[in-house]
Amino acid sequence: MSAPSERPAELDRSDPESEIAARAEAYRNWGRWGADDALGTLNFIDDAKRAAAAATATTGRVISLAQAFDMAGPQKGWRRRTNPVHTMLDTGTDAERGQGFPHGLGGADDVIAMPLQCSTQWDGLGHIFDHGFAWNGRRAGDVVTSEGDLVTGIEHAASVIVSRGVLLDVGRHLRPDTGELADGYAITVDDLEATIAAQGSTSAVGRGDIVLVRTGQYARTRREGWGEYAGGSAPGLSLTTAGWLHRTEIAAIATDTWGFEVRPNEFDAPAFQPLHQVAIPNIGLTIGEMWNLDELSDACAETGRYEFLLSAAPLPITGAVGSPINPVAIL
Amino acid sequence: MSAPSERPAELDRSDPESEIAARAEAYRNWGRWGADDALGTLNFIDDAKRAAAAATATTGRVISLAQAFDMAGPQKGWRRRTNPVHTMLDTGTDAERGQGFPHGLGGADDVIAMPLQCSTQWDGLGHIFDHGFAWNGRRAGDVVTSEGDLVTGIEHAASVIVSRGVLLDVGRHLRPDTGELADGYAITVDDLEATIAAQGSTSAVGRGDIVLVRTGQYARTRREGWGEYAGGSAPGLSLTTAGWLHRTEIAAIATDTWGFEVRPNEFDAPAFQPLHQVAIPNIGLTIGEMWNLDELSDACAETGRYEFLLSAAPLPITGAVGSPINPVAIL
Amino acid sequence: MSAPSERPAELDRSDPESEIAARAEAYRNWGRWGADDALGTLNFIDDAKRAAAAATATTGRVISLAQAFDMAGPQKGWRRRTNPVHTMLDTGTDAERGQGFPHGLGGADDVIAMPLQCSTQWDGLGHIFDHGFAWNGRRAGDVVTSEGDLVTGIEHAASVIVSRGVLLDVGRHLRPDTGELADGYAITVDDLEATIAAQGSTSAVGRGDIVLVRTGQYARTRREGWGEYAGGSAPGLSLTTAGWLHRTEIAAIATDTWGFEVRPNEFDAPAFQPLHQVAIPNIGLTIGEMWNLDELSDACAETGRYEFLLSAAPLPITGAVGSPINPVAIL
Amino acid sequence: MSAPSERPAELDRSDPESEIAARAEAYRNWGRWGADDALGTLNFIDDAKRAAAAATATTGRVISLAQAFDMAGPQKGWRRRTNPVHTMLDTGTDAERGQGFPHGLGGADDVIAMPLQCSTQWDGLGHIFDHGFAWNGRRAGDVVTSEGDLVTGIEHAASVIVSRGVLLDVGRHLRPDTGELADGYAITVDDLEATIAAQGSTSAVGRGDIVLVRTGQYARTRREGWGEYAGGSAPGLSLTTAGWLHRTEIAAIATDTWGFEVRPNEFDAPAFQPLHQVAIPNIGLTIGEMWNLDELSDACAETGRYEFLLSAAPLPITGAVGSPINPVAIL
């Protein structure tokens, strides 16, 4: 079999099944880290990588890469994905009137109900399956039941996801006027490489890096309203970047969009998130979505430095296939 | 007024109201960072502090300081604090049977319902009130209503809580045999200072630090079961440490216990979390609870280094008075 | 003071405060059933009333008056009112693969998160306040805190809300062509009385009855989509019906709309649900919303009988200010 | 095959698999109401049955048969079954301070998160499977996925579950001193028949009836605390009553216990809820659990009448395998 194409023009738009299968087969990392692996490409991060990343945090500036977690978010209920509902168990108005505590103590407590994919998040390795198979070649049903992901739950990554972060500000590079790619724009390997070249040496991407691809779509929603941010048209990675995701040996990747890859997907036949199908269960790649990369974009543009210490450990929710996060870039 | 005592023996055990009031007055930071402040002592952290902290992260080892988030947690329902309930919206067993997606794609999603104080967390500045007043002298009811904390919500700290962390392993210092303080043991200023002295120069505590006090109680529950971890007797800080918390100008403090301060509280009269009442609304101190400091304890004991880069940004849940977190120590 | 007007044309559209106050004062039932009352006009139901109602259930036909409880509902998140989120704790797909139970047993369990006002419901007496006062003249803050309605919680009505039901099919009476009132149509006392007269003797309304007013709006949404059903324009009762609600001594009333009363409300000045403000805290009237009265409408039109046994007991959720219900008409 | 025994002494306590299989085969109603059936034995209820039942409601007295829905309930988290968590979206304390509504309006709203099996409930037909098969012979995975019960969801019964109720007060009959059966007591066919005979003609059980079996365990928990009510030892129906459940052609049955059938189950080999396995997927019987039958018990004992109109329609939660309910007996 020849290597799958890295040019979208060469995709057979009528045959998503074959285009996915070719990439799944070509880039499959099953067994690479042993039969019991629960981390996939996060294994590319090692302590030396992190120590080097920490050494880049010379200014001490911290930028949160999280969107807000509240009812004003973009979710519309697709597959029961709602915005978070935050309610109070005790309040200050109650405290003023007395809550039964002694010596003038008052308290407020709160509770949240939310899909783990509602806002800024990691997709864990149990989030996507390919023909009934999960990461490392396991049967989907042996991994994720109603009790959760009993094998590759996000808690396994609790002390792992800290590494060198690299911002690839594709929106700003390709559209220096607006900084925003159009909805439906498919980011190619050439785009990624051109962005790296233009941004300079601090943008070099390699083993263990966590790559943040900014499309600018989130900035557009902040100006114009959410629109169809949750599942509608969006700029994002082309299916043809699968080989790049594999050969760069990056640990994880995140974007400022709902779904990481370009939407509509690059097929005329019915298709849904084909790059997820290659990346998560086959490459073993952890994917971040709905990140806020706008302040980071400005900061990197000002300094010309696109690397930083990225701290983005998930909440260790036992058996979760994803996690809400507040990733921070420490510059 | 003379300065409040730092010796528990000098507390008037019959009069929590006065003992609290004296400390609240003596250590109140209201207005120190302006009328609009939403951060309290987190203001002590600056970029230089963080850059210096990053410079200590020379090995790249990461230790998660979070307890698990699941139904096996310690909560028993006090004030409706339950353990997290994690349920699936889609599963691998469903994916094997087909979920209606094209080209062999399958997916799993999940949802969580949890008190924000259910497991490892930060208490935000809106969490505790003193006689109807919140941090910075605001009326409690002007700050936290059923709509949440509209003034000092935890989202304000989203890009703030990264700093130098210092472990004070009081459990190990005072009880070198077991590493665990007895339930009900009140940690004093002398204990804190003795631990610092014993641990050596990397344990010096000062402005902008985040201090982690290990009592060893969590280790005991892992061996013996939760028992009354959630609200029962526990080792913890004495009310008499309030002055130390204030004058050291630390940014935040966390322990491995449910409630940070010693329980039962140090009074014969009815009392409940008196040190919270001084620390949060008066000092403006952010407090962490239910941290897992055991692996960190071992790591620091091995190397003799007790400082590290601590990355513990909260989830930016709009209006929350607390946040579940996965704090990581980067050594 | 003269009695408030029953003609909408005589409302001062610039002065909702006075129009509400006049009716609140004129129709206030505070103290009518003693200082400790938790039922309001539900007290008008007695056993004899119910026995007579049961005697009308001669055909044994049962019609559910509930709308569905699911994610396809009308809620859009106003004041965090969402549609119900129903998730599974165990499934049949899991059971096929084995759940660890012996002898071939399998099971499915489920969980729901929902606002109590999300679909067909009763508004309890703690749901609405008038200038800080709740039903029977209590201070709102003495009744409903973050711990719920500690005085008039819906659980008090658990064995009460079974009585004679009467359908007033105003939509069908006023609009025999479509059966549907226009959005914004204010139902008057004359409309109610004319409907009763036209429907005949089984429609007479009196003490202890539960009156169901059908506007036809729900039928329209089933044909055209929800649109702004949750809070937008709707047919409903005019503020000028307050006196009728009081003097008929009905026990409760329900409609097929989101908000019971006409929307927009009948004022040029800012106004919101003025009839609620009179009816719930002052009259002590329990109000039902989002009922499905369409099948009942057809049944009553066919038989010419508009009375039935109505069984609509709330879930006894301790301290709730409302309850999801499945009311049934037994004809 | 001979008919399965109705005497517990003749059960082979080492072989639950065979004892269940024999009853499943003997009493299986698959296909009885057509291939598309979603109601099972609820089909035995017809309008004439309900009209006759309504005719017994001569006094108009209503008794709620629900337990409370709150955090003080018996659940301990088994299979993530928790007690309901009820929180407020708006409160009276907030209303006193002003919520932004015009003309003095204030409001309180609330939300609940609860397992559908947390308190008084119906088990729907999708709740239990037998060797991977659901009611009517369908594959479990074709019926209940993560999206819920797409075939026999509880919403199908929304206008069905109103019928003649019959209380069999086995606790009072067998233990006239206390009215309470011991935990672990297995109620036999002889016990049921003897109770019917003793209670007299209003207790005759037949087609379409809803039978309420009172053990007295709930009364004991109200006096002594929940103890192991949720899943521990309990009085309840013997597996040997399966034939009686089938041949009486009852529509549904409910008890005052957590699990309907006797616990521990009647086997020495590992066993779990064997009567459920026969009754729900094979007989097609709807089962109620955690009902409060104590006030009804007293009322029936006083009057000597054990029949009444039972109104117990489920909330029409789309796709639910159970429903919280407030059943009412109308006497």
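Going in written order, the chains are labelled A, B, C and D, and every chain counts its residues from 1.
The rule is simple: a residue touches a chain if its C-beta (ideal position, glycine included) is under 8 Å from a C-beta of that chain, and two chains touch if they have at least 3 such contacts.
If you're wondering where the values come from, they're calculated on a predicted model, not measured in any experiment.
Student: Counting C-beta pairs in contact, which chain pair has more, A-B or B-C?
Tutor: Spelling it out, more C-beta pairs touch across A-B than across the other pair.
Student: Find the geometric centre of each of chain B and chain C from their Cα atoms only, then give the gap between the two centres in Å, rounded to an integer.
Tutor: Inter-chain centre distance comes to 46 Å.
Student: In angstrom, rounded to a whole number, how far apart do the mean CA points of chain A and chain B lie?
Tutor: 28
Student: Among all residues of chain C, which ones touch two or more of the remaining chains?
Tutor: In chain C, residues 80, 85, 87-91, 93-94, 96-97, 111, 113, 141, 145-147 touch at least two other chains, as defined above.
Student: Based on which chains touch which, is the overall arrangement a line, ring, star, complete graph, or other?
Tutor: Its topology is that of a complete graph.
Student: Spell out the part of chain C that touches chain A in their complex, as residue ranges.
Tutor: Contact set of chain C toward chain A: 71, 77, 80, 82-83, 85, 87-91, 93-94, 97, 113, 141, 145-147.
Student: What residues of chain B sit close enough to touch chain A in their complex?
Tutor: The contact residues of chain B facing chain A are 16-17, 20, 46-55, 57-64, 66-70, 72, 79-81, 84, 86-93, 95-96, 101-117, 126-132, 134, 139-149, 155, 158-160, 162, 269-274, 276-277, 309, 311, 313-322, 324-326, 328, 330.
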